[in-house]
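These are the structures, in structure tokens.
The same chain A turns up in both complexes below, where it pairs with chain B and then with chain C.
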Partner chain A sequence: MNFRTFAAFVGPSVFMMLLFIAFPLVSVFKQSFYVTQPIYETVEKETCTPGFLTQSCVTEKVSQPKLDEHGEIITQTQYVGLQSYRNVLEPERAWRAISDGSWHVLSTINFWKALRFTLTFTLITLPLVVGCGLGIAILINNAARSIRGPVIFVSLLPFIITPVIGVLSINWLFRGDGILTAMMEWWLNRDIALFAQAWTIEILMMLYRVWHVAPFAAIIFYAGLQTVNQDSLESAVIDGATRWQRLKYIVIPHLMPLIIFVSMIHLMDSYRVFEEIVGFSSQGYVISLQWLTFDYLTPDQAGNRSISRASANSMLTMIGVVILLILPLRRTWRDHKGGH
Partner chain B sequence: MSSRALRQPFGLRLTSNIFLALWCLIAAFPIFWIVVMSFKSPVDAFDSNALNVIFGPATLGVGKGLSLLDIILGIAVIWATVVIATKKLPSMVKSYTRPEQEWFGWVIGALVVLVGFLLAFFVVLPAVLNVLNPWFGPLGQDVLGLTTEHYKTVWIDRGFSNNFKNSLIVTTGVVTVSLTVGTLAGYGLARSGSTLAFWILIVALVFRALPHSVLVAGYLPVFINSAEWLAPILGENAPTLYGKPFAVIAVLVAINQPFTIWMLRSFFQNIPAELDEAARVDGCSHFQAFRRVIMPVMWPGVITTGLFSFLLAYNDFLVTALLLDAQNQTMVPAIVGMFNRETTTTDQVVAVAAAVSITAPLIFLVLIFQRQIVSGLTAGAVKG
Partner chain C sequence: MKLKTILMAGAMSIAATGAWAECAFENDVPLKSLSAGFEAWKAVTDAMAECGNFSASLDQEFREKQPEAFAADPALYQIGGVSNATLVPLLNAGTIRPLDDLVEKYGQDLLPNQLIKVDGKTMAIAMMVNAQHLMYRDDVLAELGIEEPKTYDDVLSAAAKIKEAGVMDYPIGGTFKTGWNLGQEFINMYLGEGGSFFGDGNMPAINNEQGVAALETLKAMTEYMDPEYLVSDSTYVQQQFQQGKIAMANLWASRAAAMNDEAESQVVGKVTMAAAPMGSAVPATTIWWDGIVLASNMSDEEADAAFRVALEGMDTDMVSANNDVAVWLSTAYSAGPLAAGAAASAEGGAKAYPASGPMGIMHTSLGNGLADYLTGAKDAQTTLADIEADYVTAAKEAGLISN
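Our next item is the complex of A and B:
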């Protein structure tokens, strides 16, 4: 296939990715160094209150946004260097908190709070997803052939459901005196409020994520289990290997590429954790990096979006993505070079 | 497990199946539960006693309920529909249509079954039951509280149908455009071993990992001010891209492109290259080979990828919530809005009903396309 045909086939797709992914990235990078805000002017304003005999008048200086001839607010864009990054990171306060060893103060800064949760969430759910996925795959593989289809159907439901709706459905089971909270209260014989502190919300979020992603891992591992070499399993039995040894020395090494694949996908996706915050409406207690950008982008009461802060926060989030991708990309690059 | 050596003892099989049943319960329970809740009056739906939620005494109290006879006949109608759809429909479609137009027959057949079911279930059945129930004494008495009023509130009073329409526009647009663009690119990438193709794939992989909010942060200022900077090109009628469904379609297609081209590429790699080489020897250009030889055999991969594009567009919250205004809102942000805004339990149950309405199509999708979804998941894993 010569270059021109290749370009004709790939062109539209590359064009769309450049226009809607690469270009926004560049513009986010640029925005993070600029701030757009209304120009304020100071005007003297006289306010008079009617009084007996004479009005009492007060003159004060008020700063108000300048308006152009259409009555719209004039804005100006200004280069501010790293100011937005400083606003997001609050380095002095963060540094003081770290040197005091006071975790509480550090977690009052949104960015660090979000980073802490995002990382904990990613690292705790990863082994759970791989473990549960592997377990479910083995269970499905053990089941009679006739029930596998329906079981896979049921297993796919948590994976296919709209994430926000999935979170909400878990939320409704636990919120207030939802039936599962009521059940736990009855069992432990004490009052439980799951949405009144951060750590219980975090546990619920992780439970949701495992429920949502484990089926995906299970389907992939199940497909991998179909290709395990039956002869080597059989010879292992004859050599006296226990079930556990067979799993450890034959099945898991065979599934290793798939385990790496699932882990990679899961790392990428759970680093973007977002829907959980919305569905549990937990912004008072727990926030994530992507939610923070979303929050900066949502108009506040005055209708302003803090675009530059959102951009700075996005660029900081990107650093994590890059770190996450370095290892697999190096591997792919080596494979590619080895392949030629 | 063909070999005797690998046969498992009865105890192990039993434990394994018990755990599997437990997993199925965990997987299905939250979804099943919101379905149950959506049909109850608010008092029942948020009752802390599970049995009250299922049987709904308060719902029964206001005279909304089903008798045993209702339940039996209702199940009978559903069962009959399933039997017709799975046993009769395939053979009827085969006998009435020519082989090349079979898909058309399927569309017509499915529509007929759907309309028939809706008529039988919601028009004929209630009328018949109204007459029958008083005749059957205890069998005709209401035992299970059930009300559809929340669905009526959502779809008719709250204008959810408008959100549905917007979702439909966005998903249809995303699936069509991303498949058209992605199929071409996937084919090109699968058949070219060049370093450029490799780099495109790697960059696509990096793009796939990007948090979507990063991209939206890039779009927002541009979209809001688009009337200004588009004016030199389009003149007076330059649109503000913010709040326009077509702008969201373009954004979602682009976000979905990396995944689409990786998946389609792996499907195209499974189609032997000898096939298009043979066509090229016979004098076809690359495009003719693609159109006449590859297109007829590529449908399984395209359908699978289309399903995943559909899911992305249908499930998206972040992009649609930030880039669409209130008039053009799609379903997911609308539901989140309901959930966050409403404080009374009635409104919460209305939000539950909306959540069930948006989940039902997905469940049907899995029911129909289970094999394609599974093959799509594994294709990405084995090749990617």
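Our next item is the complex of A and C:
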């Protein structure tokens, strides 16, 4: 392919990527070093509120932003260096907690609390997703040809459901006296409140995520299973290899590149865990890094939002994803180099 | 072709049913409104729509959209629905217009009470007030010979008796959902104790005796609440009441009518509305209002029409048709037993919600930080100190505290 044709094919996609990925990233990166704020002045104001018969009025000093001649709020933007990162990480408090050996205190600081959960969530669901995915794939592969279509369809269902809807339905099944909680209460004959402590909520979240993502892994592995060398399998059978040995020595090594691929996608996705927090409204017990960014960005009722801290936090989230990806990427790189 | 026919038929049928039959005038200026989505707003905007050429957005996320939509020129919505808290960003940005000239022209029927004045200028027209107040199960309390609770000590001892008698496992309900709801609970208690939130220069001032007292009362209540209290919002508490699972709660007046909704409630006529329990100083609640504002980025002609349509929305017909939906500010409103709680709280001296820019940040910090105390992760002083620190960080970033 000559360069001109290549450029014509790739150009639009590169342009889109620059416009919708690179540019926003650079902008967020820049915003994390600056703070933009209105200039406030203190004025005395009388405000009246309706009562039942008369109004009650109070006069008090309030801060209100200055407006320019067009009626726009005057803002100033200033370079604050790493201040926003310090505000998010709270290094002094975190360090004091660590040097006191007080894990407990560290886990009450927002960022560290979120990081703890995000990492636990990511690392525990990873093997479960790969394992379940492989299990489902083998199940489909061994199913009789006549029922294979329906089996694939049924096992894909969880992946098709919109995440927020999926989370909400789990929430409603288990919250308060939801059907499943009521069933468990009847079975165990005791009162159960699954949304009253952190660990039960975390288990529910992980179960949901595995249920939701395993079909994706399964369909990828299923595709991979179609290309396993049948001759090696047959000779293994002749040599007297058990089912488990065939899986361990032939199938899994063959699927390894796909397992790495699925792991990487899963690491990236689950490090940005968000729907579970919102859907379970678990922020009293459990928060995640992505949710923290969302929380900084949500304006309060007076319209204040913390854009600088949100930017800093999302940069930190991205750095976290990159660090997590280094291990699998290095392996792929090694295989790639060794393969030629 | 077919679609066009259907559209025409639709338009004809709306016209035929007399879309603006009940409106005093026929509106020919296209108007739009953006407000919250609860029942009262539905009633009001439906009444506005009777004038024609009007479309309403009822949106739970209205407070995120409103400041931007009103800052546009021309404004994307002519009429806005606000509460005393969501009025603040619009006031700060100067995107709503003073209404004095319009009130003079068309507002003869408004109560003086409805005119929300800021610095002498009418900036909003209130249509209803709302407050959290005590609702309790008359029958349950009477059976055990318990008097109407007047303070939180009363509430707690009543709860203890109900639990002891084995009537209910969790007699108290509360809107303790982490975030806005939980923050609001603390604000109620803290104002009830007579506390104030800020010192000079918008510095926080909640780490004090009143703050600790407010926290301790909240925690004492959770002993008698369903252990999943940190996810329970107003709707959840309302349902707990309707299903007869709780006997007492400090719940919004706008939810009172739901207790007697026969389609949903199993406790029709059994819930009494009483004043919010007293703190050391005043009843532990805050008074809120909801009302309308007009955008400043529109022509005088549009403003004229918008104001008249808005007044139609809250006229006496609408109020008499929807009397129990809210505590209306109108001559036509007859305050029934459902409004008794809000009225009694106001008479007891309950404070208005102290809405302001710093208060917005404080409310968020409280909402996010209080759970650590209730779950036992921190003690009261540490919790309050951490909330103050969180507030200071956010307020500095917003420019409300100078570095």
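Simple rule for what comes next: the second predicted complex is superposed on the first by the 291 of 340 C-alpha atoms of A that agree within 3 Å, B and C clash if a C-alpha of one lies under 4 Å from a C-alpha of the other, contacts with A are read in each partner's own complex, and residues count from 1 in each chain.
Heads up, the rule we're going with is that a residue touches a chain if its C-beta (ideal position, glycine included) is under 8 Å from a C-beta of that chain, and two chains touch if they have at least 3 such contacts.
Worth saying up front: this structure is predicted, and the values here are computed from it rather than measured.
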- Task: Report for A:I250: first if it touches chain B alone, second if chain C alone, otherwise both or neither.
- Result: neither
Would you check which partner chain A:G176 touches, where first means chain B only, second means chain C only, and both and neither mean what they say?
both
- Pick one for A:V237: touches chain B only (first), chain C only (second), both, or neither. first
Of chain B and chain C, the partner touching more residues of chain A is B
Discussion item. Applying the document's definition of touch, where does A:I260 land relative to chain B and chain C: first, second, both, or neither?
Written reply: neither
Taking the superposition as given, does A:S281 touch the first partner, chain B, the second, chain C, both, or neither?
both
For A:V10, decide between first (touching chain B), second (touching chain C), both and neither. first
Is A:A310 contacted by the first partner chain B, the second partner chain C, both or neither? first
Check: When the two structures are overlaid on chain A, which partner does A:L156 contact: first (chain B), second (chain C), both, or neither?
Finding: first
Residues on chain A touched by both chain B and chain C 176, 281, 298
Within their complex, chain A touches chain C through residues 35, 37-40, 45-58, 62-65, 67, 71, 73, 76, 84, 87, 104, 107-108, 110, 175-176, 191, 193-197, 280-285, 295, 298-304, 306, 308-309
As the complex stands, chain C meets chain A at residues 63-64, 67, 84-86, 88-89, 91-95, 112-120, 126, 129, 169, 177-180, 182, 202, 226-231, 236, 287, 289, 296, 329, 343, 346-347, 352, 355-361, 363-364, 368, 371-372, 374-375, 377-378, 386, 393-394, 397-400
In the complex, the residues of chain A that touch chain B are 1, 3, 5-6, 8-10, 12-14, 16-17, 19-28, 31, 36, 135-136, 138-140, 142-143, 149, 151-158, 160-166, 168-170, 172-173, 176-179, 181-183, 211, 215-216, 219-220, 223-224, 230, 233-234, 237-238, 258, 261-262, 268, 271-272, 274-275, 278-279, 281, 289-290, 293-294, 296-298, 305, 307, 310-311, 314, 317-318, 321, 324-325, 329, 332-333, 336
Within the complex, chain A is touched by chain B residues 2-3, 5-6, 8, 13, 16-17, 19-20, 23-24, 26-28, 30-31, 33-34, 37, 46-50, 53, 181-182, 184-185, 187-189, 191-192, 194, 196-198, 200, 202-222, 250-251, 253-255, 257-258, 261, 286-287, 290, 311, 314-315, 317-318, 322, 332, 335-336, 339-340, 348, 351-352, 355, 358-359, 362-363, 365-367, 370, 373-374, 377-378, 381-382, 384
